[in-house]
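There are two complexes below, and they share chain A, which is joined by chain B in the first and by chain C in the second.
Take a look at the complex of A and B:
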């Protein structure tokens, strides 16, 4: 067990070092930040001053070391475009993305598990068939088209919900939340659905498949023969055993929710880190891109690690196998 | 008896290639799956329309001389109030025929999609073969890189590569290079699938007798990989390529929609949707609707075709 954990942590650190190298290479080889910041009308003195200010005149190795040192402290220098510290901008934008990701993740989980159980139990019913068909179409639709479709329906045609922005936000310490105002909550609905829909269909199909498999097992048949009520069988006996793969997939999907937030945030002009990243690409704002890459890789690697550990903790069968040294 | 003697007198001509193809399992399955036939029809239609765009398109949307600003915002099928011209799918703000822009846009979408998948396929197959056949350090390095890349969603990797490549190209060439940068970004973000499958299949084939025989008669590892193993691992590659094509077209559309793909001067379907979105609020729905519908039809039918191919080529399901 311990050896397994150490190996996984080692792998995670390797991944982080690799992405760190990519992030640093971006700084050293991509574009000329001076060009991006000063534009056409500039003097040689301006160029020299800025070069020293950004530390671009120092040798490669020194810059690399400085980069690692600074990155660990969450310091990625000044944004080429906004001229402010990148860390500050990211922190300012993070609450918007985290709130959006949280709500759509919750939606995907609750909706996905609920619908998955429903379609598994009522396998033959027409409602289950309709849900399955709709989900198939939902998977094929690109995220941004779903967003546009929702905007068209609920903002343009019906006029019920706002099509962009976060609505009114309340500042609590350094955290700006949209949960406390009516307009903030209303603004959250469409982006959350757009972002959560794909993961929801994914979880739903997974739960359904697993449920159907488990319901065919002998112990379920025995439980039924013992006269245990159907509800208890479905929820206490069957559902429990479907949860292991669901937790894994959900955990891994958490990472892609953050990534796909880029698309949703652009469609809804949601002021989060995803929109920041897209703008950074458009304007070749390297520090922001590098910081986003580092942030998201720490998040992904962390999530993967936690999911692996959870997997281990939840399923006793895995533990027996591994500690017995069979594999 | 006379019948069985026949072959020795007059050698039977082997059935022609076309006949053999027609009678193969794959073709049989195709003829008995309506979804596959319909999807194939839609894909063929759209690809032909894209290829023949200069012949079919009523206007050249990129030739300013043929544009008339007075034609702007003509609804589909209606005659313009000023010029009396009418357009199948209406016009955009600059009086460009939406139908023509879709035809030309689809060319770019399909070109980027096909090229990106081809790039991913070549990289993936080569690395997969090397990893599977050579093993050792080669395998460790290739598969580690694949693992790291797989930690991140492909679309994110593509965005990053696009961003970096954009940074490297000088600003004055960025619009011209955008299409190639897109192909590079999507292709590089998608090779892992191919590499993993090819490596797995190569590991299986490596221990077969025919490979050992080839090795014994002194064929070089390179020739064994290309001439002997490659043809036997191509089936799954074909399936992945088809599904990847749908994903690549969607990825291209997504990137272009986000404004980090094909530039407005060379719009793909995604760029057209991005442009059309601006007019959704003022009621000019057709500028958005038709490109979106085309993208959907294209991606969905390629996807369904891929699904069918996967089932048809999977011996376990027969």
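Take a look at the complex of A and C:
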């Protein structure tokens, strides 16, 4: 198992090196940074001087190495637009996105697994059919449309919830949280639903399918024949067996909740990294874009690594090195 | 005479489909006494497994028992539902499935599955349940049971897994065990061991066994009495020696003639011409008549006589004589 972990970590590092290459190449291939940094009034000498200063005259590999060295330390250079260190800007924006992603992820997981089990167990009931039909909407409507519809209903027509922003935030150390104020929590509701709805319906349909599959297995019949309680059959025997595929998809989905927060953040003007990224694209703020790319890939790779570890916790058949005799 | 452990009376199972109602089990009656092993044989689709599932209430809807009754020690169980049925299953009748590779939950240790079942049905503490789980594994011949209790199913071989399945079926001390093709998925070398084990445990504990199989060897080895099923109906029912050596129903005779074990001395195995009719295309009269060399007009018009109604043990208008002529010729 240790060997497996080491191999997976090695693979993760390779993936990160590659995305690092993509992020880095944006500097060289999406316009010339010198053009961006020096204004109209410049001499060839200025250009040469800055080029040497930034190390842009060195070979590609050396530049890439420099970039990685800096990136590992969280140093992505200065934002072209704001003139401040990119790391600092990202850190400032991260809490908003992470809080939003956390609430949506929780909603998607709890709601998705709960409803998935419900619709699988009561698959003939009217409630399950209604949920399944409604879930089609969640899967098929684009996120921004759901956001706009929610804003129209709850902010414009009913006036219950704010349509944009984070509400009041409290500063705790370097972390600005919206969890502690009423307006912060209220502001979180609509974006969290918008962001989590798709993932929730996806997880729900996946759990339902897997659950129906598992409930047909012989060992479920055998458990029934032994007089095990329905509740134990559903939750102890069946649910656990559905978890491996569910965790795979869920892990990927949680990653994309953070990544695709871009759209939700734009709709709700949520001051997180997604909105920062959209603004960065408009201004061709390459250091911000590169840093964002790296941040997202680190998260994806990290989540995948955790998911792979979880397989071992759930499925004893994968714990290869634990070989008991008896065969 | 004491009440039999299991008494099935005129049980009929129907499956409504778009093309009409299928009747995979048709008016089947039999008894199993304490400590007795009743073998149920027949071709695939003859309704043997369906009969077993119907007895323990595991029919998949829309299949259901439409008439007849299933009595467990005189108590009707075919009407039991929900909680009542759950208390009967495992506690009063257990079931052993065909494939030990798929009948154990891969994510729970065998100990967890055993103590779960014990705790469900017997008023014992957690630690007592664990002790009993180890004892149950020991009883079915799993070496070092105390250590193996924490192993997962995939850490056992097929034969060992079937032993675990038997332990699970017997751990809450049921009166009746339905073994649905318990050796079909196993290596030939392991089959005999499993049958011997099943036989021994049931003798010792006085458990009645309904042994569903298509393997005549297994029947000859284990069963006290044998029921032969054909197209959902009981064709012949009698003590195993007599049925195997002096079959009275032409179908049973054909079955024996096509089995290497039972037709020793013959140069060629005989085969029954044709195939068993599909449930949706049952012929009029006796279901076996198109394949039967003794069939006459009566067989084509009237359904075979009821097993309980006709004298002797074969549901046939023209049963083979009590002492088969062929038997004498080949002997």
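Note that the second predicted complex is superposed on the first by the 279 of 327 C-alpha atoms of A that agree within 3 Å, B and C clash if a C-alpha of one lies under 4 Å from a C-alpha of the other, contacts with A are read in each partner's own complex, and residues count from 1 in each chain.
The rule is short, and it goes like this: contacts are C-beta pairs under 8 Å (C-beta built on N, C-alpha and C of every residue); 3 or more make two chains touch, one makes a residue touch a chain.
Source: prediction; values computed, not measured.
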First (chain B), second (chain C), both or neither touched by A:175: neither
Chain B versus chain C as contact partner of A:142, first or second or both or neither: first
Chain B versus chain C as contact partner of A:235, first or second or both or neither: neither
Touched partner set for A:65, first chain B, second chain C, both or neither: neither
Touch count on chain A, higher of chain B and chain C: B
Contacts of A:221 with chain B and chain C, given as first, second, both or neither: second
Which of chain B and chain C A:160 touches, first, second, both or neither: neither
Of chain A, residues touching chain C in the complex: 217-219, 221-230, 232, 236-237, 240-241, 314-317, 323-324, 326-327
Contact footprint of chain B on chain A as seen in their complex: 11, 14-15, 18-19, 22, 26, 29-31, 35, 140-145, 148, 151-152, 155-156, 163, 255-256, 259-260, 262-263, 266, 277-278, 280-282, 284, 286, 289, 293, 296-297, 300-301, 304
Sites on chain C touched by chain A in the complex: 56, 58, 86-91, 94-95, 97, 99, 102-109, 116-117, 120-121, 143, 148, 151-152, 154-157, 160, 165, 168-169, 172
Interface residues, chain B side, partner chain A - complex: 144, 147-148, 151-153, 155-156, 159-160, 162-164, 166-168, 171, 250, 253-254, 257-260, 273, 277, 280-281, 285, 288, 292, 295-296, 299-300, 303
